[in-house]
Structures are given as structure tokens and as C-alpha cells.
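Here chain A shows up in two complexes: once beside chain B, once beside chain C.
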Partner chain A sequence: MDNYQASNEIILKECAVNTEEIVRIGEVIESATSHFTAQCYELDSFPPLGALVKTQNSNRQIYGIVFNATTEGIDPGRKPLARGKDASSEKTLYEANPQIAKLLKSQFEALVVGYKEDDRVFHYLPPQPAPIHSFAYLCPAQDVTEFSRSFEFLNTILNSSVSLPHEELIAATLRRMSIVQEDKHAFLITAGKHLATTLSGDFKRLRTILERIRE
Partner chain B sequence: MSIEDNRMGIVVSGSSNKGVEVRLDANTSVEDMVVGRYVTIEGQKRRFFGMITEVLLGVTDLNLTQTPPDTKDPFIAEVLSGTSTFGTLQIMPYLTIGGDIESVVEGPQPVKTVPSHYSTVKLAEDRDIELVFGKEDKERFWIGNPLDMETKLCINLPELVKRSNGIFGKSGTGKTFLTRMLLIGMLQKSACVNLVFDMHSEYGWAGTSEKGRSVKALKQLFPSKVAVFTLDEENSRNRGVSTDYVVKIGYNEIEPEDMSLLRQTLNLTDPAVEAVYQMRRKFGNEWFVKTTELADSEDTKELLSSMNIHESTFQNLQRGLNAIKRLPFIQKHTEKKAVNHTIEYLNRGMNVVLEFGRYTDITAYILVANLLTRRIYSQYRDKTEKAMSGAGEPPVPLVITIEEAHKFLNHDIAEKTIFGTIAREMRKYNVTLLVIDQRPSGIDEEIMSQMGTKITCLLDNERDMDSVLSGVSGKSELKAVLAKLSAKQQALIFGHAVPMPVAFQPREYGSAESYKGFSDTVNDTEQAQKDIEDLW
Partner chain C sequence: MSLDLDRIAPQVEKMTEHIDAEDASRQKHLAKAMSILCDNSLNLDDLKNKIESGKISWMPAEPVESLSNKYTTEKPPANFTILATDGSQIDIDRHHSTRYYLINIGSIYLEYGESADARLESTPQLYFDKKDLVMTSPDGSNREVAIEGTLLGIKRDIEEFKYLTRMAASLKADIPALLLADGTLIRWTLMSKDIPEFIVSEFLEKGFLKCLDEIKEISEKKSIALASYISYPRSSDLVGTIRIAICPYNPVNCDKCRRENPNGAYPCNTVDGVQDKDLFLTLLESGERSALFISRSSIQERYGMHRIYFYYVKIDDEIARIEIPEWIARNDTLLNLTHTLILDQCQRGHGYPVALSEAHEQAVVTAADRQNLQTLVEAFLSEKNIDINTSAKSFSKRTRWI
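Coming up: the complex of A and B.
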């Protein structure tokens, strides 16, 4: 399967609201209490910004929100070079240079926003970080609806000291989550009101987010 | 949800002095909130009853007012409403009731604290009004409904008439309509009799509404309880009023005190008023005739200089006396019939309305009202004192209604007049006043503060508002409410007869439907029969 197809497929699956199928999208290669990094199995096959992802180990699932994605050389000393000058398309470029896929890796970072244990969802940090090499999955619609019943994760994002685009991330997360809601409008309004209360003294930030989630 | 349970918002701050600040819920429109509206607050341990005294808009971040967001975007508008932008109310709690059985039995008590943080604020419901003001019953009279509510607002009339009361409001706000209604209430429920000095002839038989329609007045509704006296027989006849008595006043009835009350209206100088008393000492009861008949002669000059009265003072006095003499209902001599007749009616439990007809001149009004009241009062005093010492029954409590009250009770004369005395001594001798005025600031401050209950319609003059509210706690908050009343048929009542101030809309008066409610016609024939039996 070619890289573009792979990533498109993921997006399609994630957007398909009713899908219950769990899509594996990578493997944790760096883990901290507040965020983790997972490598994708295919180049460029990232989950989208703001997507809810999870790791699953024994009876604990850890939820994260994708806030960053990168593709870089496996060897930090060797940077990728442009190779397509004579190629007619990007596809032919890959065909002509099959080694590329081996020299590069795609990975994404997710901010930990909660976990689930014994069928209960908690909107705060888990006791331990996700084990290294845990598989990372894209959450199906059911997980998203369940998780978004509380807006506490908005505060987690807002207050996070991890370097991330706070307003952009919140907007992206809410846009994605709204897709699976029964009443999309009501969901966004309630989220907006929650933010308005939290950001009561900072209308500029509030406005930045609202501008990005209004329908 | 919030519509069903009437919830409007929560308490966010407050003080026992200035009342509480309430943050409106997002789905309560600030535009539905009106100053003067009656609300309840559910504290942790007790419920509070209060009134909206101010409505404000708030923002959490000043940036919202400096660079307003795109409000055309319905999404942003909806998000901000009630969160970043919100409505705030200032509410003055007046009464409170505890949750335990004892407190419930005791009923609402004056507030000495504030509801705790985040207590829920609701619009008052019918039962809240009933709990505080009581239901219509044989003592409580339905005077109207609280602003924006359908519930009947009732006041206890026997309680009301225990003190002198006032009705205020600028011209055309509904004072006369309110007074007429209160008089009806008293006829029905207060066990007192009324004497009304009816300057514009609108309480006895018929009044007029602004649309020029005629509205029934007391005698039409209570023929067996009301007598109409007139000073102007011809005028009453022309208006088709069947009067019970024509009042005439004799020179011999006029006392020096009457003259001092008329000092301003007759333009008398102080020495001239002084001279009246001298004349009285000199000529006795006949002083009025004798003084007016003093010719411009040497004898007179001698007399005046012997009394130390200046020529010009005397002329000033004579001019004043002649003005009185010209009043058509003044006669040379009467047997004080008017006073005796009035008292006789009142003693029988008949309410007396004295129409002035064409004599709406203030001189006539002051003279007659003062003269009759003084005599009636002294009889009441004698009777009450006798009753207190065990001889005979005390007289039926009497309420005297006067208009243009500041002419009787202004600072300069309140001390000296009979009305000042009555207003100050509450109900010592079973007489109280109902004063009507459009310029309350003209009334002596002390008298104002002695009034038991005040009902005020809109006043547009700062000084008038201050004077009506002087001595009331939470004055500035009530003033805000008073200033927002509409120009007609809305009023604020506070004082002795009501447990807390309340803004209300007086009952509609003047339609056939309204008369039904007023005249309890159901047992009218029965009542009439009974009245007649009582009389004889």
C-alpha cells in the first residue's frame, strides 16, 4: 500500500462516524506522563491534528490528543534531500528511490488528556505513562462520544506546559469531536461556553478559538 | 428548564446594607427583568423575599466592550451570552423565612442577613406573594397586582387606617383613582368612617377618566353607606348628583386659627394675622363681622392705634376677610349646623363626601376643611377621653381625606394646624388622615416621617422623591424603583401596612366588570337592609 493511500484511509476511517473498527496507527517510542510520541508504521500516515488516540495495556487505556506530527531522517545526522527534479510525479519519485522509505520515519506526538480503567473514564493524568512500545490506536466514534462528555480536557490543553499551539489544537479537537456528536451545534456551543468561562479574563484567546470552530 | 422553575440566576455578592448582586443565567434574558419586580432567593437555610432595584450588563473582560466581537455571527453571540457577557441584577432582600416549622408559623421576618453565595434566585410566584401579603379576606383588600404578575396584592385595611397615610404622585399618575379605590376598600373592610374633602367633586357620585368617560364613585356603589354633602348646590344639581346636605359656613364659625392657615393664600402679612387674634380678644365670637364692618372713620383709627395695629396692616386684613366674605357658601350666621350634621352622619357610620363644586379655589378648600376638621376633632377628643375614663363608647375611627396636603402641612404651619396635630399623634383620638399630594416636598418633614404607609406614583422631582422616601431604609434602592415607575397606574407602596415595599399596578377601575368586584352587590340588598336597621 502506498503512503498516500494509507494516510487517506486513516482519515476516512476516523471520519466515518459509525465505525467501531479500531485502527492501529503506530507504536509508542517515547513516553512521558503528560505526552507520548508514537512512530507510524507507514511514512506520512499520521492521525490528524486534534484526533483522539489511545494506547491499550491490560485494563488501562490512555487517551491522547494529537498535537504534532513530523517526518525526518532515521539518522539525525543525515537530512533528506530533494530528489524529484526529473520525476514526472511524486509516485515515480518513490518508485525510482525505494530506499527513501527505509531512511525516513513519520511520528506524531499526543498530549495525554485522560485514561479509562475498569470502564470508567478519568479526565486527568494516569498514574503511569504509557509503556514504551505500546500500540497506538485511533479512537472509534464511541470512545470519542464517551470521552467528550466532559470538557475538562480543554483545561488540560489550555494549561499544558508542553510546547504546542494551544488555540489551534483546541479548535481542531473540537471540530473533530463535533463530527461524531448527535447535536453538533449544541456540542460546539456548550464547549464554547465552557471556554468562555475558563478564559473569562482573556477574550483575545477566546475569540481566536471561537473563530476557528464556528460553523 | 429555567423557564419552568422560574430560576433566573445566582447570588454572587452582596451586603446586608445594599442588597445582593445576582448573576443572570445564560438563558434568562436581561430584557425580561424589570426594576421593581418581586423575587425570591433560596438560601441554604432560609428563603428571602426581595425586589429588583437595578438591572445591569456585565462583561468578564474589558476587551469585550472596547473591541466588541462580531455579534452578527450567531455562533459567537450565543457562546458569549451569559458567559463572557451577562446580565446582573441588584436585589434588595426585605423579608426572610426560615425552613423550620417554627419559622414557618411565625411567617416572614425582616432581613438581618444576606443569602449565601450562589443561592438560587427565582421570580416570585403567586404563593410567595400570598405568603408575604396575605390572601384577600375580610380585612385584606385587593389593591392591585405586583408589577408583571397576575397575583392579587392585598393590604390589611384595619392596619392601614391605624395611622395617617399619604398618596403621592405627579399630576395625572392616578392618585385620584387610587384614593377612590382605597376609600372603597375602607368602606368594605376597615371598620372606620370617612370624611372626604372632595376638592374636584370626584369621589362622591361620579368622577371622570382621562378618556372623558364618567366613572362611578362611592355613593353609586354604596348608596346606603355614603352621603354626599355639597358646598355648591347648583353645581351638584347640574351634574345630577343627589346630595344629602348643603353646607353653609357662618362668619361666627371662623376662628383666628383659620386665618393663620390662610396667611399664604390670602397674602396676609404676619402683623395682619397677629391683628386677627387681637380682634378676637376685642370682639369675641363676633370678631369677623365686626372687623369687616369697621368703617373708615376716626373711631376706627382711634381703635386701631389703641390696639397698636398699623393702618396698612388693617387694610391688608380687611382685604383678606372680604375675600372670604365673597365666598357664596359663607353666611352671616349659622347655628354650626354643618359641623353638627357631619358629626351626626359620621356617628351613624355614614361616610361623608363634601363636594366643593365650583369653589375649587384653594382658599375655600383650606377654610372649610380646617374649620370642619377642627370642630369634629375636638368632639372626637372629648368622646374618646370620656370613653377612656369609662363613660360611654369611643367614637367610630375616622379617616379624613384631604388633597393639596402641602397647603395644610407645610413646614410653616404644620405646627399650628389641626391637621399637623392629627398627623403627629397617630390614632390617639381615633382620627387619622389620608393625604393626597403631588408635591410632597412641600409637606413638613416630621409629618412625612410620621405617616404610617405611603403609596407613591411616579414623581419626577428629585426633592419630592427624597421627601417621600425620607427615613425609609434602603432609600436609594427604592428611589431607583420609584423613578422607573410608568407615568400612569403604577405605584410603590411601603410602610406600616405592608411587610415590605412593593411596586404594583393598581386595580383597574371604571369598567362595569370592575364595579362588580368593588361593590359586593351579591349581598347588597341584604346589606342595605342591615344598614338601615343599624341606622335607626
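Coming up: the complex of A and C.
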């Protein structure tokens, strides 16, 4: 599959958030209690920023929010170099260098925001991290609605040490979650109220988030 | 201790002066060699006879056509495939009680055109059985020779080639393909007096030449060419031929010449220091290839129909030596395919064939890999309560202490 087919796949997978389909998007290759990194099966086919993803092992599902995605050389000692000066399109560049896609890997990082066990959703860290090689899935609409009944995950994001500005991540998460809500507007208002309480002493940050979720 | 660069710097300065002084005389020698190479009055048959009849103390190239012939190439086909292998090894650690070695083969399949695709793989194989660690003479003498050091290097070369042959067998029939090997196809290292005949025969006739038989057979059904690529060649086979052209003696007799010129001033000294690549850097335009030549290495006597020919190709400002078996050299379509596709590979790979560069990346075994393998072996041994004995010297190297 070339990069362009992969891009189409991403669009399809993005749509999955509105369906009940569970889409497997990668595999955990680094795991800690607070976050995990998953390698995508296809180059550049990341879940979107702020998407709710999950790993599923025995009777526990661990939920994470995508906060970073990268594509880089599989071998850390080999950096990609620009090659397309004379190529008419990016597609021809990949066709002329079919090895490139095999030398790169795409991966994404997710902040652990909760888990589900025995049909109960918990909005705090799981007792154990996701095992390495756990499959990672993009959560279907039902999972997203169920998980977003509580806004505790916003506190987890605010207290995390993710490299992305927290305001950006929270806004992206809320935008994505709002897509599957029955009443999108009401969902964002409730989220805004929750944030107003949490960030009562930090109006600047609150405003930054609200600006980014405004419809 | 790190190297004392302060003490080396004055020596480097001296070396630079030496190179500078040599360069002036080399330019003169190069001009002389070029004048012979481009001499249209040179009779090829006379030259061949002179080579055949002479008692020569070096190895000249046998000319096939006018020495200064050169060829451009055509555009690559719309769809084609490149296969390449490379290998590396972890030799037996003689300071360790467990005897094993490892050969890692990097293999590359690159398909260009409508269904562009790539497969990059590495296949490590651990050898520990006695039949793999030593080769026993079949003559009943029970003579045993350990596969390590140089012999392991030769075995690795053969294994790379076997792998390439297996890959060739699975190629599609309708797409032209090039099998690309790294380094020489002339297994001259097997000519060492230290290597007994039964080993030469095992590696050469039963190994390498058998693979060439198979590739030739496949090539008769599919459009498959085979070539090996030698980067920055230091060979002077053709300069050797030019020496013979210069030589006033006929028949050439180097021993006689030495006796008659005890001061060391031989007539062929006028091309001293020149290498084949210097000639073709001057003669060829970028992308062009030279005439064909035949290597006269004595191991070639055993090659039969696979006798190795070679040509030089200029890629930007560099010369590469390409070696091909006789049945490719005599088939214009396949010969041109080697030229076209090697050039194309070099253009895609910043001057070096992409497939070989990636095969190397797949094959390479780092110092950390060696250490990890040893740790893995030791972990398995201790699980089985098998003693791990290493020599004091090995311990001293691994544990640096004051």
C-alpha cells in the first residue's frame, strides 16, 4: 500500500468514530502506567489528535487520548533525506523508491486516561500498564459516549506532562468527542463549565481552550 | 588510551608531501597509459598473442574488443526488478568455550514500475554443529579444517550467492530483472596455498559455480541478468595489459627483463602507479561503460562457461567495476540490461546502487549485536546449568579496569 492509499485509509478510519466498527490501528511498542506508544500498521495512518483509543487485554480495556504522532526512520541512525527535487509528484517519488515505505515507521503516543473492567469505566489510571504488543484500536462511538459521561479525563490531561500544550490537547479531544454526542452543543457547554471550575484561577488558559472548541 | 593525535600530525604532514610528489609523476604515467589505450593502431590479435605467449609476473586483462571502446546506455524498461544480497558474520570466539558462528544475510527485492514494491529482509543463521564448524577431507585422511577467519568469509560469500539464487528462482517471468552481488565474482581468495583442494571444490564447484549454473538456467527462461558491483576498484588488470603493449620484448619475459635491467629501470615503468579507474575517469563520460575485458585470474580456469568478464562504468565522478559471467557478456540484451539497471540504481542511490546499500543495512552486525548474541547464548546456557568458560584475556577485554 502506498502513502496515498494509506491516507485514504486514515479518512475511513476517522469516520469510524461515528460508527460501531472497531478499527485496529496499531500495536503497543512502549508502555508505561501513564502513557503508551503504538506503532501503526500502515505508514502515516495515525488516529487523529485527541482521538480516544484503547488497548484490550483479557478483561481490561485501557483508554488513551492521542497526543502525539510521528513518522521516522526505523533505524534511528538513518535520517530521511529529501529526494523529490525532480519527481513530478509525491506518488512518483514513492514509486521510484519503493524501499522508503519499508524503512519508515509511524507511531502515535496516547495518554492513559482511564480503563474499563467488568463493564465499569474508571476515569483514573489502571493498576498495570498495557502489555507490550497489545493491539490498539480506535474507539467506536459507543465507547466515546460512554467514556465522556464524566469529564475527569480533563483533569488527567491538565496534570499530565505531555509535550503538547495542554490547551491544544483538551480542545482537540473535546472537538472529537463532540462529534458522536447526541447534542454536540450541550456537550461542549458542559465541558466548558467543568473547565471553568477547574481553571477558575487561570482565565488565560481557559480562554485558549474555549476559543478552540467554539462552534 | 585514545590515539595520541599530537604525535601523528607531523607524520600526516610528511605523508601528504609524499602523496603530492607522487601525484606529479603519476600524471605523466597516466598520460602515457592513455596514449596506449587510445592507440587505434594497436593490433588486438598481436596483443592477445603477446599476453598468451609471455612469461608475465602480473595479471593482465584479456582484451575482447578495442580497448578504448565505450558505450552509452538506453532508458530502463518500464517495469523491472532488482535483487541483491549482502552478508556479515560473527566469527567463532576462540576465548569462549561454546563454539558457534553466525552468518547474517541481508536480502533486497525492489520492484519498479506499475506495481512498485519492496521487500527488505535479514536472515540470521547460527552454525554450531560439528559438520558446520569443521570441514573434513573426503579422502579418508580425516583431515579437518575449521571454518573460521578467512574461510568463514568465503563461506559467507557463497551463502549470500545461494540466497540470491533462491530469490531468482521465484522471480516473475515477464519482468526483466537484475541480480546484483556485492564485490567480486572471482573467488581468487580460494587460490591460497593454505586452503586444501577439497575445500576449494566444496565452495567453488559444489557451491558458487552450481549457483551460477542455476542462475544461467533460470536466465534462459526469464529475462534475468547477473552482475557484481565493485565500488572504487583498485585493480590494474588493464594497466597490466598496457604494460605488455609497451614491452619491447616479444615474447614478454619479465625475468629476463629484470636480469637485463638490474638497476630496476624497466620499459613498462612508464605506467607505474596508474590504476584502471584512473584511465576510465579520463576516457568515459558519466553513464558510459568501457569495453569488455576478461580476468586472467588462475581460478578462472575452473569457471568453464561462467568465465568472468568485466567492464568499468563511470557514475558521476566515480568509476565502478562490473563483473559478469561469460553468458551475460555474450548476450547483448542482458549485457545492456546490467549497464542500464546498474546506472539507474546508482542514480536512485546517490552514486551507489540502492539495492546493495539496503542489503548492507539489512546484513550489518554491530558490536552491540555481537554482545547481545553472546548474552543470549549465555542466558540459555545458564538456564541449562551449562558452565560458561571464557578466557582471562576475553574477561580483561570486556571488563576494563585500573
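Here is the rule we use: the second predicted complex is superposed on the first by the 201 of 215 C-alpha atoms of A that agree within 3 Å, B and C clash if a C-alpha of one lies under 4 Å from a C-alpha of the other, contacts with A are read in each partner's own complex, and residues count from 1 in each chain.
Basically, a contact is a pair of C-beta atoms (placed from the backbone, for glycine too) under 8 Å apart; a residue touches a chain by one contact, two chains touch by 3 or more.
Computed from a predicted model, the values in this text were never measured in an experiment.
**Student:** Does the chain A-based superposition show chain B and chain C clashing or fitting?
**Tutor:** Fit: chain B and chain C sit side by side once superposed on chain A.
**Student:** Per the overlay, which chain contacts more chain A residues, chain B or chain C?
**Tutor:** In the superposed model, B touches more residues of chain A.
**Student:** A:172 in the overlay: touching chain B, chain C, both, or neither? Say first, second, both or neither.
**Tutor:** neither
**Student:** Does the superposition put A:188 against chain B (first), chain C (second), both, or neither?
**Tutor:** So A:188 only meets chain B here.
**Student:** Look at A:197 in the shared chain and tell me whether it touches chain B only, chain C only, both, or neither; answer first, second, both or neither.
**Tutor:** The answer is first: A:197 touches chain B but not chain C.
**Student:** Have a look at where A:210 lands relative to chain B and chain C in the superposition and call it first, second, both or neither.
**Tutor:** Only chain B is touched by A:210; chain C is not.
**Student:** With the C-alpha centre of chain A at the apex, what angle separates the C-alpha centres of chain B and chain C, reported to the nearest 10°?
**Tutor:** After fitting both complexes on chain A, the angle is 160 degrees.
**Student:** State whether A:69 touches chain B only (first), chain C only (second), both chains, or neither.
**Tutor:** Neither partner.
**Student:** Using only CA atoms and the superposition described at the top, report the least gap between chain B and chain C in Å.
**Tutor:** 51
**Student:** Show which residues of chain A both chain B and chain C reach, each in its own complex.
**Tutor:** none
**Student:** Could you please specify the touching residues of chain A with respect to chain B in the complex?
**Tutor:** Against chain B, chain A makes touches at 188-189, 192-193, 195-197, 200-204, 206-207, 210-211, 214-215.
**Student:** What does chain C use to touch chain A in their complex?
**Tutor:** Residues 108, 110-113, 116-120, 348, 354, 358, 361 of chain C touch chain A in their complex.
**Student:** In the complex, go through chain B and note every residue touching chain A.
**Tutor:** It is residues 26, 60-61, 63-64, 69, 73, 75-76, 78-80, 82-84 of chain B that touch chain A.
**Student:** Name, in rising order, each residue of chain A that touches chain C in their complex.
**Tutor:** On the chain A side, the touching residues are 2, 75, 78, 94-99, 101-103.
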